[in-house]
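One structure is given below, encoded as structure tokens.
Per-chain numbering from 1; labels A, B, C, D and E assigned in written order.
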Amino acid sequence: MINKFLGFEPDKDKLPSLTAKIGDDIDLSSHKYQKIWLGPNHPGVTGNMAVELWVQGNTVVKAKTHVGYLHRGFEKLIERRLFVQGFPTSIRMCVAEPDTNEYLIATCTEQLSGYDKAVPEMAKWLRMLSLEMARLQGLLRGVPGQGGTFALGLGVQWGVYLRDLILDRFEELTGARVYHMYIIPGGVRGLLPDGFKERMEDNLRDIDDFIIRIRKLMFHNSVFKKRAKGLARITPDMVDKYGIVGTNARGCGVKRDVRKDHPYLHYDQLDFDPPTDTDGDIYARTWVRWQELIQTVDLIRQIMAKMPEKGDIKAEMPNVLHWKIPKGETYVRLESGRGEYGMYYVTDGSAKPRRVNLRGPSYTHAIALLEDMLVGADVADVHAIMVSLQTCPPEIER
Amino acid sequence: MSLKDILTPFTAWSKVVKEPVTIKDPLNREAAPRYRGFHDNDIDTCIGCGTCEAICENEAIDLVPVDGIETKDGDSGLRPKIDYGRCCWCALCVDICTTNSLRLTNAYKWVDTDPDNFRFVPGVDEKDWYKREEGWRKPEPNYEFYGLKRVEMGELHPEEREDSFVEMIKGYSKEQAEAEADRCVECGICTATCPAHMGIPEYIKAIRNDDLEEGLRILYDTNPLPEICGRICTHKCETVCTIGHKGDPLSIRWLKRYIADQNPSEKYKKILETDILKKNGKKVAIIGSGPAGLSAAHYLVLLGYEVEIFEKLEKAGGMMRYGIPEYRLPYDQIDKDVNYILSLGVKIHYNVTVGKDITLKKLGEDFDAVFAGTGLHLGRSTRIEGTDHENVYQSIELLRKITQGEEIYVPEKIVVIGGGNVAMDITRSLARLQNQKYGKVQVIATSLETEEKMPADREEVIEAREEKAIVNPGWSPQRIEIVDGKIKGLHVVQCLSLFDETGNFNPQCNMENKNFFEADMIVESIGQGMDVSYISEDIKEHLELGPRGRFRVNDYFQTSLPWLFMGGDTIQGPDVIHGIANGHKAALGIDKFLIGE
Amino acid sequence: MTIYAKLGYTLLGLLIVLNWGFLMGATFRKIGARVAGRYGIPFYQPWLNLLKNISTRTTITHGVMYYIGPVFRLTGGIGLFLFMPMVFTGTVDGPWTNFSFEGDLILILYFQVFGMLGMALGAGQGGHPYSAMGIARGLAQHAAVELPLTLAFISIAIQFDTFSVYKIVAAQQGGIENWVLFTNPFAAATIILAMLGAMGHSPFNLVKAPNEILIGPATEFEGTYLGFMQSAGSILHVMEAVLFMNLVFGGASNWIELIVKTFLIYFWSVFVGMVFPRFKIEQSVTWFFKVPLLLGFLAIIIYSF
Amino acid sequence: MKDLIEKLTEDFKISDVVYQRPDLAFVTVPKGVAISLVTELRDFEGFSHFVMMSCVDWIEEGKFQLLYLLHNPKTKTDVGVKTFIDRENAEMASAHHLWKQVWTYQRELKEAFGIDFPGSPRVDENFVVEGWTEMPHMRRDFNTKEYSQNTYFPRPGRETNDPAEYMRKKLYPNEPITAKKQDNDK
Amino acid sequence: MSEKDMNDKVNEMLQRSEANVKKAEKSFIHPEDEEREVVAPDGSIIKVNPIYDYFSGEKPKEEKPCSGIIEKFLNWARAESIWVLGFGTGCGSIEIPPLVTPRFDMFRFGVQMRPTPRQSNAFIISGYLSVKTLKRVIRTYEQMPSPKYILALGSCTINGGMYYDSYSTINRLDKYIPVDVYIAGCMPRPEALLAGFTKLKELIKEGKGEKANEYARNFDEYKANQKKIIKDWNMPDYNW
């Protein structure tokens, strides 16, 4: 009320429309607009990308996403590599949740070569464990990270610490901190080390405590609410129009979760229900992610309880040096922390794939959706909106 | 905005009294036991096979020679050098390492100002992390990048084969051969060990690609007797096969046989493109149609020479035909290889004994060069008491007689002295004959060497036992007991060692531990000698002698008489593949001698 | 007291303030680090930073105003110090009272804005769009903070019938009950709330908002100028705290008391800032125009009658 | 799924149906009807979620294979609509009007394969590479390793030995050997 | 100037700018960076070349260190106060958050993050650099005040790493900018990074952190290498 009175919330009906269409030229020489760049060297940009903003005062009137700063040509490189050599390369396609890439490339090759039935039971459970741990570490960064976009750095500090603990568990299990290179075509690369479950349980208890703390810090925070509520709203009708997936879709009530829709591994044996919210704004998305944090902790506990004690970790497969896969194509998807994450894989009967194409959720979220969503937003909110859409540039440009 | 929303965030301050969770000394923190840190290599176990280089997707690994490591059979003398400007620590190199020598320690700190320093040979260049035990090793269990188990070769059941000379090894089917070929890691270590230096990885690859014609071409590059070699080669290559360090070595011999078997002999000429051969007008005589002679003939005829072979016996093949029983090497397979060589235009004179029917000197005059691949056809005797008895036989004689279809004396109890492959051959042949005759077997094979050191192939011993022959090694024969002119048996004592410290043959026996093998017939099979009676004295005096009573030849098997080349068993000991290699090389030598560079 | 002695005391005081500012800054970063669960920077880090910044070898220039910006800011800080009585010694002519005089409260109000205006000049000439945005935010927020603050100052001035900070301090002596905190709670409340904005911590740290506008006005500054700005920032932080201490919390009768009180005053803004995110600029301005402004008016209304 | 494809086969000249999984099928249609099939699937068959668009370079046949992968959130099935276009002067009708994100894919394909989509917004803008002067980088005939080694100076001093070759040199330099055959595996 | 004249002038300029856009597509220069004419408020026409007008194109000069004990003292201060630019150029930047958070807490070693190149003196090249990023890195590096230091993480900066055969990423960082410290790993752990900082501190204290001068000394060589691979060079030679 007072805002309106003081003129801080302009009556938008009285102003000319700000929603510039993509491709419309904004005449910078009119001195009405200014162009600023958010990134690539900017602390407020996710990863190494850039958003070119045309602003009128504090309001964005047009935005363009620029990617390619992290472009390495993965899809080209994997075309040059044997099937087994693909997975160390593929894992680097997305730093935030690397295991998903490994799983996709392994499953694609298994499916096309007919070895998907041969993957041992133990390996399947371990795959699930590593995928859920990856989701957990992603959320531990992501949930407080949303607070961090509004300069609530405390949650980030706690969250990244706990993420480090999960990375320690990853290190024990897989032999590496970030790029685990654990899921290999045919199976996984190691059993649980001794005492892993106990140490994991310790960490999960810490995370339980953190979940409560972060709720008090962020979701019962008047300033956070003031900034996050009503900001960057996604409506259900936008979901199909823009190809929105994952928590971004669930935040506005569209329940899409690959783990439920197309159960892979043993997700059908786990008891969970993907959380949803109805508002579709940043607060709702963060809230959904927070609930997912609880759920992921629970899923890890379920997996550790249900997983067999011992077993084979890799199927018997042909010699990796000259493993050939007959001609075929497939699309495999999974639910990453950011939503549906898929891979289109084509083989031509040789020892190397013909084409690998990754479908990252950020591809649509960070370009088509973000550019449209930023129009009319405040410059101060740009970073928050990017993070709330879980923009991850490496999976866009690959 | 409720008051709760203003006050609850302050609960975060309760953390201020807690001790920080920071790692106090992060610079000396140990990584997890399984952490993939920097490389270490056990250079004594490593054989430099280069599989790590092959799997490395970043081309981070080079194979470089290392001081103090010799190149020898089964060890290339190279060691992996890793470029940390390329490595991504995926540890695929560790997982695939054929000897399990490569590993990653859990060290992870390497800071340097010079980017050129980040290359090192693990295990050789001094690094402080080698003493760490923790680190990444190949995961267990059942985590392999290639099959460790050999594809089982189908063979006749002992009951089926024990009384017949039908070939006992069935050969691989297409699926089996491809599965077996799939295990190869293409390191090529075996090529050096193979006396003929066959392109083993290449023809195995041809099997994988299902391009058997290409496979045959590769075989004939270095070996004109693939059917024969595919059955009876001593497969030294398999002893150094890198896969053998962790699992069963590849069945290289059976794969070779598979290629040869699958190509029909009618197509050979077309596949090998030998329909029309150029002639250069020069003539070469070859004495003996054994592996060395046939191999020399083959390559000489390809080089354009007119080749004539003089064979003492009535059929070609030499020791391959007359020394090896039919169940191991069926005669039609010998004919397949021999006929192909003959079809190239090689003339062969059967039943011509050089030295008797025609002199060597005459050959030297009639032909531009002579190659003698005469082989070892004289049996050696133990010279113990009683060996002059008429029922003490030489194995080589008996085998020839069996081949020629002559009736031989087969009593109920037989003892074979000798632990080599020939001994096993005669043992098993006699066992079959006994079976045919009496329906039961009582052959005892004994040798000086103990079970572990027996020179015979392991599977030969096992198969002999399957056929109910008794193999009882580790005994030194003392004397043959003869009562009333009839052999009663063989007295033996336990043999402790064969060689003294200097490596000379000097058996030591434990005279206390005695044994007696009953026998009606004794077969000696302790080695063969060469028959050089075909060389007349005037020629012989021009020939220099080398060690162990053999003639001295140069690298191209040329004797001191320039037109006379010698090769095969007489020069390099009893072995088909050596004979083939000798023949091939002598052919090149003859070519060099006659045509020049 | 001779003018030379006065000058000597003033320079010494400035040195103490500068160093206390550095130490206080480091201490609060350490406290913040504790809440996060870590150790944080060493206590001596700000001095090292200053040294390092001064020892930078290359500099850039965007013109004269670019240089003047940090100088203005430092001048603002020093000016604030020069006319601020630091320690109450019983006589205005005594040591540590600097050049306090009748009506210095008005001058102090001016000096508070002075640094910000200087920065506006420097940042403007720096030419970085984020500098401009930062300084625009800074000025807007400063205006919003200044308004309730001035109302509270006027209320206190009315209460004690003087514009001299020294006299206001003097009037509060003789026990905690004489503090403005208790004698003029509305003005005190206004100041305590507006103080959050003046100190520049969350939720009002809009000027330096790294993930929105890099580091705001200072984006283009480097080396010695950055050192100037850091020193000025430290002095300003202490002086703001001293100002509020003098006006609301009864001043200080010795340096120890000053240090304790400024620490606690500063702690208040850290206490709030640690657990709240940042406002947007219009939210921030609106916030100051709501509660603090209202309280300020109340404080004046009450003491006007 | 089978019913659906059979129903559409006639109208859209569908050929070459592959049921990769029970919930995933690939169909091939002529270039001209691909967009209309995609539109039909979106508007009438409930395939409202556009998963991805991709391209495969079948250089041997001189064709690009374009793929439109659609997802039906109700039946939880996917259909991949494939169409082949010529590699020379590759051009395809734009589908940017159907979903908001399609123009991004088309922009990428223009850059990576050189397929033109007339009318697609910003299709000519750079996507991931900047200042690219070579042929489109995802085409099969673009040799990335060669390009990289010619352009980016790999650090010198690397040399390696093939074990077999090295052993030959060391142990039997003069013996006859098998001529190395063409390496068609790698 | 009449209104009509003004309109004509503007139309003419618009046409010219359209031509410029077309030209720019060929020459890689962004239309906004093309040389153009602008009408000043007083109606006069000014030529503007954004690339060169906004920056100085002067070459960098070598900056001599102070002498003796003073330099040692300053080096000590520099070593103990390392301000790192918060520019995550590659995947190694995922290990930066652990460093600034409780687990590893690099603040206690005097290492802090700064958001702008003007205020940083250390630059972490966190792994692979695509050519597109390299352009920004060069620009950023040149904007940093001297003395400045570069830490290069991982294999990618040494010899291309996993992306040695990629058309998009460079192989050797030292060809384009001088590097002080290399840290092996893919990616290096935070502990290794801290070890890298320790090493950097040692170097600075020994007076060996003079790579910025090396850059100035071999400026032409570095620039030639940079220009060889950055094909759309649309910035001044040296970005002050």
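In this section, a residue touches a chain if its C-beta (ideal position, glycine included) is under 8 Å from a C-beta of that chain, and two chains touch if they have at least 3 such contacts.
In this text the structure is predicted, and so the values were computed from the model without any measurement.
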Shortest walk length in steps over touching chains, chain C through to chain D: 2
Contact-graph separation of chain B and chain C, given in steps at minimum: 1
Closest chain to global C-alpha mean, per-chain Cα centroids: A
Chain pair, D-E or C-E, that carries the greater number of C-beta contacts: C-E
Euclidean distance of C-alpha centroids - chain B vs chain D, Å: 48
Inter-chain centre distance, chain A versus chain D - centres from mean C-alpha coordinates, in Å: 24
Rounded Å distance between chain A and chain E, as computed from the means of their C-alpha atoms: 29
Computed distance of Cα centres, chain B from chain A, in Å: 56
Per-residue overlap in chain B, given as positions that touch at least 2 other chains: 9, 12, 20-22, 31, 57, 83, 85, 88-89, 115, 205
Touching two or more other chains - residues of chain C: 33, 35-39, 210, 214, 274-276
Sequence positions of chain D contacting 2 or more other chains: 128-130, 137, 142, 144-145, 155, 185
Inter-chain touch pairs (all): A-B, A-C, A-D, A-E, B-C, B-D, B-E, C-E, D-E
Chain E contact footprint on chain D (complex, rising order): 124, 128-134, 137, 142, 144-145, 147-149, 151-155
Of chain D, residues touching chain B in the complex: 155, 157-168, 170-172, 174-181, 184-185
Chain D partner contacts - residues on chain A that touch it in the complex: 22-23, 67-68, 71, 73, 75-77, 79-80, 111, 240-243, 256, 261-262, 322, 328-331, 333, 340, 342, 344, 346, 351, 354-355, 357, 359, 363-364, 367-369, 372, 397
Chain A residues within the chain B interface of the complex: 81-82, 84-89, 154, 161, 168, 171-176, 179, 181, 187, 189-191, 193, 213, 216-217, 220-222, 225-226, 312-314, 316, 318-322
Chain B - residues contacting chain D, complex: 48-50, 53, 61-65, 71-72, 76-78, 83, 85, 115-116, 119, 187-189, 191-192, 197-199, 201-202, 205-206, 209, 214, 218, 221-222, 555, 581, 584-585, 588
